[in-house]
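Below, subunit A partners subunit B and then partners subunit C, in two separate complexes.
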Partner chain A sequence: MSTPAPAAARASAAAPQRRPRRQSRYLFLLPALVFLALFSVYPLVQLVRMSLSDVTASTLNTAWPFIGLENFQQGLASGQTGDALTRTAVFVLVVTVVGMVLGLAGAIALRTRGRWSNVLLAVMVFAWALPPVVNGSVWKFLFADAGLLNVAARAVGLTDTALPFLYDQYWALGAVAFVNSWAVIPFNALVFRAALLNIEPEVFEAAALDGASRWQEVRHIMVPSVRPTMLVLLVLTIVYGFRSFDFIYVMTYGGPGTATNTLPFLGYLQAFSRFDFGLGASTSVVAVLVVLVLAVLYARSISKEEKE
Partner chain B sequence: MRNSAQNRSTRHVAVIGAAAATALVLAACGGGDTEPGATADGGATADGAGGDGTVTVWHYFSADNQVKLMDDYAAKFEETHEGVTVENVYVPYDQMNSKVISAAGQETGPDIVVFNGAEWSTLALAGALAPMEEQWDGFADADQFPDSVIHGMDDHVYAVQGYVNLLGLWYNAEILEEIGVEPPTSIEELEAAMAAATEAGYQGITLSGLPQSQGEWQAYPWLTSQGFDYSDLDEQALTDGFAMVRGWVEDGYLSQEATTWDQTVPFQEFTAGDVAFAANGNWQMGTAEADAGFEYGVVPLPVGETGKVYLGGEGQSIGAFSDDPDLAWEYLTETYFDTDGQLLAVENVGSIPSRLDASQEPAVTDNALLEPFATTLAENGANYPDPVVPPENVADLQTAMGQAWSAALGGQRSPEDAAADVIAQIQGLIG
Partner chain C sequence: MSRSAGPVNTIVKVLLSLMYGLPLLWILLTSFKSSADVFATDSTFVFRPVVTAYVEALDGALLDALQQSVVIAVGTTALTLAIAIPAGYGLARTRGWAVSVGLGLLIVLQMLPQTANVIPLFQIFGDWGLLDSTLGVVVADSALLVPFAVILMRPFFRAVPPQLEEAAAIDGASVLRSFFSVVLPVARNGVATTGTLVFLLAWGEFLYAVNFFLSPGTYPLSALLAQQVSAFGINWPGLMALAVLSSVPVLLVYSLTYRLLRDGLTVGAVK
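The block that comes next holds the complex of A and B.
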């Protein structure tokens, strides 16, 4: 009986101190909220407003005439939005699978702390931090007929003619998706590695005593321990793949023809090449909606899983 | 455990919520709400434009000789205007229009815009160009300029071209000599020469198949050579045009890689020395002189009687929000619209002067490389864009045709399908 009293006393004594601390916490949140409202919420509202209006080069700088869902209907009726959605799905699939699998593989390979591991990580961060325009241009050179990859492929007898990395309709989508994946691998590897470093060394020692193979360590220790990280990273990687624009702009400009026109690039073409800003905004809104649906689905599935 | 699971769950949902918020912002940015490349460089410069003795000139030139011309113009103007500075600002080709339009929305922008002349209507409709009919009407030399280089609508003059650019057929004289053929004068001769060059281990031709306006510009002569015309949308003629050039890809004369090249890259391929021909412009004259380590020449594009070659070139305008339009006008009259200024463009870039008097100067008439372009201009020259295309639909049509050209060259669509698709699209644009 004597225990509750001091506990209650502690609680009541601590309460007056905690409350202001909690309130002051929200003050720290304020700058971020203002920033988010200014640079995220406001542009989004404008985007939706633009998608429902007839905005062209001649009306951009005047009042925007409201036209309801006409832009959306036009995009769907032309078939361009549907085609772009399919290409985006393929693109996202490649980016996600390659980015996640190789990211995890990289993290496993670089799991231990050490000089070379750190050097390699630094190089990876450098590659990740390079502007996509630079990355894309370098890869465009590498993929060219006279580029390193084709020269190497010919040297080892893999092919007699050049591999059409960027100018065959199927290869081009795959090649640009691959470069997008390549650029996200370092980030994913870093996040996975942070999760792997949280595993106690004793766990591996115990597994070694039980005679676990390296593969069994990966399968039964590492993968389960990075699972929560994996789910969050999956959403981020899907979103990253979904917003792909810069690599396509630099490497293929959506071509050959329309073979690499994903939703963001289609939106760019409509808004900044054809100067139909309303139509471009409607394509972007479709992209936002798809990402929203994905995010909600993942949030629900994780929530359900945790409850079980 | 339950609490812990709930906490984890809450954390995950929160993180995913943050991810979703990030997604929204990023997707919005990617889609077109934000201008690619932002307006940082151009916008910052534009803020300091005009009124302070600075003439800010936005251009999209990156080739050395073109940049030198801009520097020469700046020096020429500064020499006669003490205390005045000309600031040349590079804006990537693909971003020029959107940056100019966006700047106009913020009531700012450059003093002078040098842009793809065919796209004057896009900028004028957006209110980004200052009408300059008053200055033009008072310009003593206005009668030296043909109507085809003066652009405007509703009784306003919005842009004038200081020169004309067009395509010709560049050839590597050493390769032609080796394979024993003369520079071609017809498509049949061109195809025979390309076949011989390919047989000898060279590439036949380079051109641009990029799915945008540069592709449309390069496609036009070949498509019209087969009878296609925007004023008479003949699907079979267009199919024939696509099929002819796709055939060059299949026969190994032209690399399918052309679908990733703008107009600069194919000329670099040509100057490297392993290609017999390049369909490229007179503006490459300086690049050829600097980079080609072989004998070369130019002949008119062999496009037959029906074939037409666009008369392009950059338009020059005063920005709608120039702080000092009078100084901007003086800059134009002393550089792009001036006889000596136009001869500087001939010397540096190989452009064809738009002034009648400048075009009669020896620098033009005695230049063997310019002569084939002048011949093309006289015999096959066509207004760019085609006058049947309404000003507000020019950009749309260029994108549609550029994509079809690229799709046919890259094998994404058969020539028949590419032609049928694009005709259906441009019928609505031309009306």
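The block that comes next holds the complex of A and C.
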């Protein structure tokens, strides 16, 4: 391992052998190719077919009558798809802003070593590692009428009646979005922290000699040096917020009314509560199209970072 | 760097400590409360701890669910790694348009909302007789996690110097042999990080379990918890006891792999 030069020389001597070896490496891709074709790509094809057909619970496993774009038109005309898109946008905005800002602030605060920082980071990553269904249950309990948050709000005289965290249509969307950002902050803080730890200590020493304030350090050293990471993380956080459904399922199940029906969750409800699989599939296809746009953005931000 | 933490840093740390410390503490406290103490304001912090919730939760059904969770999580981890390790290596060592297309497809698959998969899979599994079977859930979970696992492992395989393999080839090792005895041991951190995450994600996955198992009798813990929390008239101490019991294996895995997660998690995200 410590002598790369002779190894490279030997490798060039073995050049004729390299070509078949490279090709044989394609065989390593075969299991994943077959498996994903069967259980990921084929379902997507079925999803698109379903979205163009009239499929209910009773016709699910028979021939599907083709109805073209009727499902999409129905979703748009009833206003459900549009409303869900608006709610999803608000949801993603809250998750992204809170997740990114507190993620970066957390990384800056936890960058220094010390017992408090170490323990806090470990607790945060543990919370991140817990199943969403566990975290969702706890937050549902904290948000309850007699839950901790309402007890605290009453104790400080903020309110006399219970705050309707999960029962009011505006509060509910915000509350579930907040819990989603709560769940993504530890990951973002960890990634930001790794980028911050890459900054040479000399840079901070030089800044200190020049009399830079702490805020100037953040603004002129830390933020610029995490900018490429920030771009990638931004797309990841947007995707995370967009595809999120488990906290919605656990905390509100889309309610009250339709208040927390984001686009992916609406598709799920249409298929598995109303048993209109065609309509649910059409809503999901819209969600898949949004993901395709995000994936292009992600691929771009990655290649940009690799260049920098 | 040597300067002491500023006031803003301290405020952020206090805020985060409250945000993450309190909920975790709350699960634990509530699980030891009696139903009467849960919503009594004077017993928020001071109460007589009881283990009623645990005694009630720990019955045969729970042990069945626990066993089901273990089977699903272990099975998914094994299947996912068996497929994703060779794929991650293959994508790290080959180049060209096919690889770019493959990576792009993996990124898209990884980003898809799970609700877009559950609808067609429900129909396909119905056709193939995979509904109401543990194998079906394991396969669906693996399909969900393979793209993620490949993307996370690829940079670890790329970091293995190709010269090592070339040296092994000179010594007469086949591609397969040098993969197992040279590449895999060097990339073991990546495999361990990925395996841990896949296990944790499979442990918590509930949407497939709720929809593909036709009766709660065969649910894993996560699905049981999801079903109870969305029901009316929730028994909070019982629910929190269930939450604590579902979290114990996570704590176990987590305490063994924290360093690995802390340092390895960030590799796949940005590279």
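As a working rule, the second predicted complex is superposed on the first by the 249 of 308 C-alpha atoms of A that agree within 3 Å, B and C clash if a C-alpha of one lies under 4 Å from a C-alpha of the other, contacts with A are read in each partner's own complex, and residues count from 1 in each chain.
In this text, a residue touches a chain if its C-beta (ideal position, glycine included) is under 8 Å from a C-beta of that chain, and two chains touch if they have at least 3 such contacts.
None of the values given here were measured: they were computed from a predicted structure.
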Where does A:A259 make contact in the superposed view: on subunit B (first), on subunit C (second), on both, or on neither?
first
Quick one: is A:T56 in contact with subunit B, with subunit C, with both, or with neither? Answer first, second, both or neither.
first
Contacts for A:G68 in the overlay, against subunit B (first) and subunit C (second): which applies, first, second, both or neither?
neither
Partner chain in contact with A:L121 - subunit B first, subunit C second, else both or neither:
second
Taking the superposition on A as described, I'd like to know which of subunit B and subunit C A:Y268 touches: first, second, both or neither.
both
Where does A:G211 make contact in the superposed view: on subunit B (first), on subunit C (second), on both, or on neither?
neither
In the overlaid three-chain picture, which partner chain does A:G157 touch, first (subunit B) or second (subunit C), both, or neither?
neither
Which of the two, subunit B or subunit C, is in touch with more residues of subunit A?
C
Common interface residues of subunit A with subunit B and subunit C?
36, 39-40, 43-44, 46-47, 50, 60-61, 140, 228, 232, 236, 239, 242-243, 245-246, 249, 253, 263-264, 267-268, 271-272, 277, 280-281, 284-285, 287-288, 291-292, 294-295, 298-299, 302, 306
Contacting residues of subunit C [partner subunit A, same complex]
1, 3, 5-6, 8-10, 12-13, 16-17, 19-24, 26-27, 30, 38-39, 41, 44, 82-84, 86-87, 89-91, 93-94, 102, 104-105, 107-109, 111-124, 126-127, 139-140, 142-143, 146-147, 150, 161-164, 166-167, 169-170, 175, 179, 200, 203-204, 206-207, 211, 222, 225-226, 229-230, 236, 239-240, 243, 246-247, 250-251, 254, 258, 261-263, 265-266, 269-271
Residues of subunit B defined as touching subunit A within the complex
5-6, 8-9, 12-13, 15-17, 19-36, 94-95, 97-98, 101, 104-105, 122-123, 125-127, 209-213, 255-260, 392, 395-396, 399, 403-404, 406-413, 418
Complex contact set, residues of subunit A against subunit B:
36, 39-40, 43-44, 46-47, 50, 56-58, 60-61, 140, 144-145, 162, 164, 166-169, 228, 231-232, 235-236, 239-240, 242-246, 249, 251-259, 263-264, 267-277, 280-281, 283-285, 287-288, 291-292, 294-296, 298-299, 302-303, 306-307
Where on subunit A is subunit C touching in the complex?
1, 4, 7-8, 10-11, 13-14, 17, 21-22, 24-29, 31-33, 35-36, 39-44, 46-47, 50, 60-61, 102, 105-106, 108-110, 112, 114, 116-117, 120-127, 129-142, 146, 148, 151, 182, 185-187, 190-191, 194-195, 201, 204-205, 208, 214, 228-229, 232-233, 236, 239, 242-243, 245-246, 249-250, 253, 263-265, 267-268, 271-272, 277, 280-281, 284-285, 287-288, 291-292, 294-295, 298-299, 302, 305-306
